[in-house]
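You will see two complexes here that share chain A, one where it goes with chain B and one where it goes with chain C.
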Partner chain A sequence: MTAEQIIFLIVAVVTLVAALSVVISRNLIHSALWLILTLFGVAIFYVLLEAGFFAVIQVIVYIGAIAILFIFAAMLTRRVMQDTGPQSNTNWWIGALIALFLLAGIVFILLSWRGSTTPLAELENQSGRLSQLGLSLVSPDQYVLPFELASVLLVAGMIGAIFVAGDKKQ
Partner chain B sequence: MNFISDPVTFIANWLNNLLTSWGLSQAVVTVILKFIGAGIVGAFGFALVIFTIWLERKLYGRIQDRLGPNRVGPWGIFQTVPDIIKIFTKEYITPVGADKIVYNLAPILSVSAVLLTWAVIPFAPTIVGTEVNVGVLYLVAVGAIGALGIILAGWSSNNKYSLLGSFRAVAQVVSYEVPMVLALLVPVLLGRSMGINSLVNAQSVWFIVLSPIAALIFFTSSMAEVGRAPFDLLEADSELVAGYQTEYSGLKFGMFYVGEFLHAFTISALTVTLFFGGWRGPWAVQVPLLGVVWFFIKSFIVYYVVVLIRISMPRLRIDQMLNFNWKFLTPLALVLLIATAIVDKTFFTLLPGLNLLEIAIPWVRAGVHLVMNLLLILVTIQLLKSYRIKRILVVAKPRPVAVAPEPPASVIS
Partner chain C sequence: MIPLSWYLIFAAALFCIGLYGVLARKNAIGILMGIELMLNSVNVNLIAFWRYRAPNGIAGQAFAIIVFAVAAAEVAVGLALIISIYRRRSSVVADEMNLMKW
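== the complex of A and B ==
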């Protein structure tokens, strides 16, 4: 077993345990903290796949913005420190069924997928990869349409948030 | 490789050879060396804080016409050591109802976030923790973890003042990240790289000359990230006791304290690295040890400015602070980023037709950018003047004189 495999196994176990704890922990803030650990684990996977840019972006966007927003929103709720309500509602079995189907589907696809057994090809052009990514996001024959659509969607979301939160003129 | 001119690389090579000769594989040796390096950088950071705490207190004292610490050692230079020993002996108090795990995790997070920054700062051409090719983004990511530490500290203390402090922290730290990232993109644009050491290498003309506005925006928003005066709303003593660190005592409080002072020096070091040429200076490439000297001379000059600003500015109000960020810094940073991109692209498109000497190109480029920045400053000042508040109402509007209400009918009859 190489050092990389040992690191992968440790990180995988930590990430899975953290992801499970997000669901089963009773306190909202603790859930958010476990979520941060999970996202860190995913960032480490990106590093192991030699995608340092995505690892850093993962930390900035998901931990620096989204997880902090979760915690902030949870902090604004009432009596969050003694939050001991019931953990599930009456629809728990539907959720469990959907999750089971999803797992079965993913396992089925992974079993028929050839990529998990073939070794990774060495990535070339180590330093130019970032600029390649940037160019492919704005070149018309590649990903410019999805990229711009996502931007428009985000702007729409932002305007909506401002409208909802802003002062209503009487 | 010479021990006098480049001791760190010399020792690293010597250790590497020693460990390899003991029969360890190269991968294991690299891991061991990285761990030793991380330990040394961390220890160095803490040792530096012992000095900067004394320096800051002394400067405070001199500026306020006091002596400052003057009992332990010459000029009181060892004053911090007894302070550390004292703080070790203090009792840890955990408030009733506090979330114990989170409460203890928060100070560790906020110190380690600052120390993580030091991993990518180049002290000299050859002395750098890790050369990450997305170093600038790494700085932003690490800053987010520091914000997390403050938020958790405020929430887990089970104290209203702490919670108010961390509400303010979220508003301040998260929103000042926006102009900081935008200002960080300007050196990335100018240096054509995201690696910090390659940005230093690209500064044959310091970036402060090319883009003084970006340097100012970065410096201001980093001051807000540290949360010191004039941006010390997170722990405003007169309103919130001590903000998010109210309930902390002993070494846990000490960690917040150390984290704050180390952060203050770290932003000076970052400003120097990104805008003042980092280790650049005469003979820095030939003698890497000189690069360390230049780096720290520049850093301490910037640190002096940080301390001066802290001591001489009053605290902002929360609405002023947010207005300053969203209505001034962010639009300015956006305009600057777009203008820099256009000017730089135009310059390099026109360059073949200009017949410039090879050595003059960086200077002409710097001149063009400087003129653009000066124009932007002029426009900004004109805009600010035209939107200036004309007259400030110091007193409240005259209120109607109190008139006795009509006596109820039962009294009249």
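== the complex of A and C ==
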């Protein structure tokens, strides 16, 4: 077992435990904090996959923006769901069953798929990879259309969020 | 070397945990957190497939960036909706949001 594999296993266990705490924690603020730990674990996976750019984006966008937004929302709506009372609905066991069966199905399919043992190929062009990605996002014969659609979606989401959450009485 | 299947199984487990959160949580914000976990596991899958199956292509990374943007937009609108509903009805329980129930 190499050092990389040991790091992978440790991070995987920590991330999965944190993710479980996100969904079963009674206190929503604690859930949000566990979510931050989960997102950090995923960022470490991006580093292990040699996609450092995505690790940086993960920390900035997910932890810096989304997780903070969650904490704000949890604090703004705090009074109604105090830490008493059940936090999951009455059919939670059906959800658990569905999730477990889905996991078993995916793992079964993965174990019978021969492509999952693909050896790790050497990354060519280490330094120019990021600029290649940036160019492909704005070049007309590659991904400029999805890229522009994503920016329109972000603007629409921003305006929509301000409109929906804004106080209309003032 | 880490086998590709480890990443895929990890992502599957993360996805299923998120799915359980979406199905079982009462609190609408908790449901959104579950959706975030699912989107993250999809991104891990995308990057892992890019790294192992098509390391010289761009498609996997470009797709992952789009998923990031969609996740950001989704969570902004979702939390705005929840705060708006909370303001009107003083509740964030998904079961009680039945204004549009037919």
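In this text, the second predicted complex is superposed on the first by the 141 of 170 C-alpha atoms of A that agree within 3 Å, B and C clash if a C-alpha of one lies under 4 Å from a C-alpha of the other, contacts with A are read in each partner's own complex, and residues count from 1 in each chain.
Note that a residue touches a chain if its C-beta (ideal position, glycine included) is under 8 Å from a C-beta of that chain, and two chains touch if they have at least 3 such contacts.
Since the model is a prediction, treat every value here as computed from it, not as a measurement.
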{"item": "Chain B versus chain C as contact partner of A:Gly95, first or second or both or neither", "value": "second"}
{"item": "Touched partner set for A:Ser112, first chain B, second chain C, both or neither", "value": "neither"}
{"item": "Greater residue coverage of chain A in the superposed arrangement, chain B or chain C", "value": "C"}
{"item": "Touching partner for A:Leu33 - first (chain B), second (chain C), both, neither", "value": "first"}
{"item": "Which superposed partner A:Ile68 touches (first chain B, second chain C, both, neither)", "value": "first"}
{"item": "Chain B versus chain C as contact partner of A:Ala161, first or second or both or neither", "value": "second"}
{"item": "First, second, both or neither for A:Ile57, with chain B first and chain C second", "value": "both"}
{"item": "First (chain B), second (chain C), both or neither touched by A:Leu133", "value": "second"}
{"item": "Shared chain A surface residues [contacts with chain B and with chain C]", "value": "53, 57, 65, 72, 81"}
{"item": "Contact footprint of chain A on chain B as seen in their complex", "value": "27, 31, 97, 99, 102, 132-134, 137-138, 140-141, 143-145, 147-148, 151-152, 155, 158, 163, 166-167, 170, 174, 177, 194"}
{"item": "Residue ranges of chain C in contact with chain A within the complex", "value": "1-10, 12-27, 29-30, 32-34, 36-37, 40, 43-44, 47-48, 50-53, 55-56, 58, 61-62, 64-66, 68-77, 79-84, 86-87, 90-95"}
{"item": "Residue ranges of chain A touching chain B (in the complex, touch as defined)", "value": "3, 27, 29-30, 33, 36, 52-53, 56-57, 59-60, 63-65, 67-68, 71-72, 75, 81, 127, 130"}
{"item": "Chain A residues within the chain C interface of the complex", "value": "2, 4-5, 8, 12, 15-16, 19-20, 22-23, 28, 31-32, 35, 38-39, 42, 45-46, 48-51, 53-54, 57, 61-62, 65-66, 69-70, 72-74, 76-77, 80-81, 86-89, 91-92, 94-96, 98-100, 102-103, 106-107, 110-111, 115-125, 132-133, 136-137, 142-143, 146-147, 150-151, 153-154, 156-158, 160-162, 164-165, 167"}
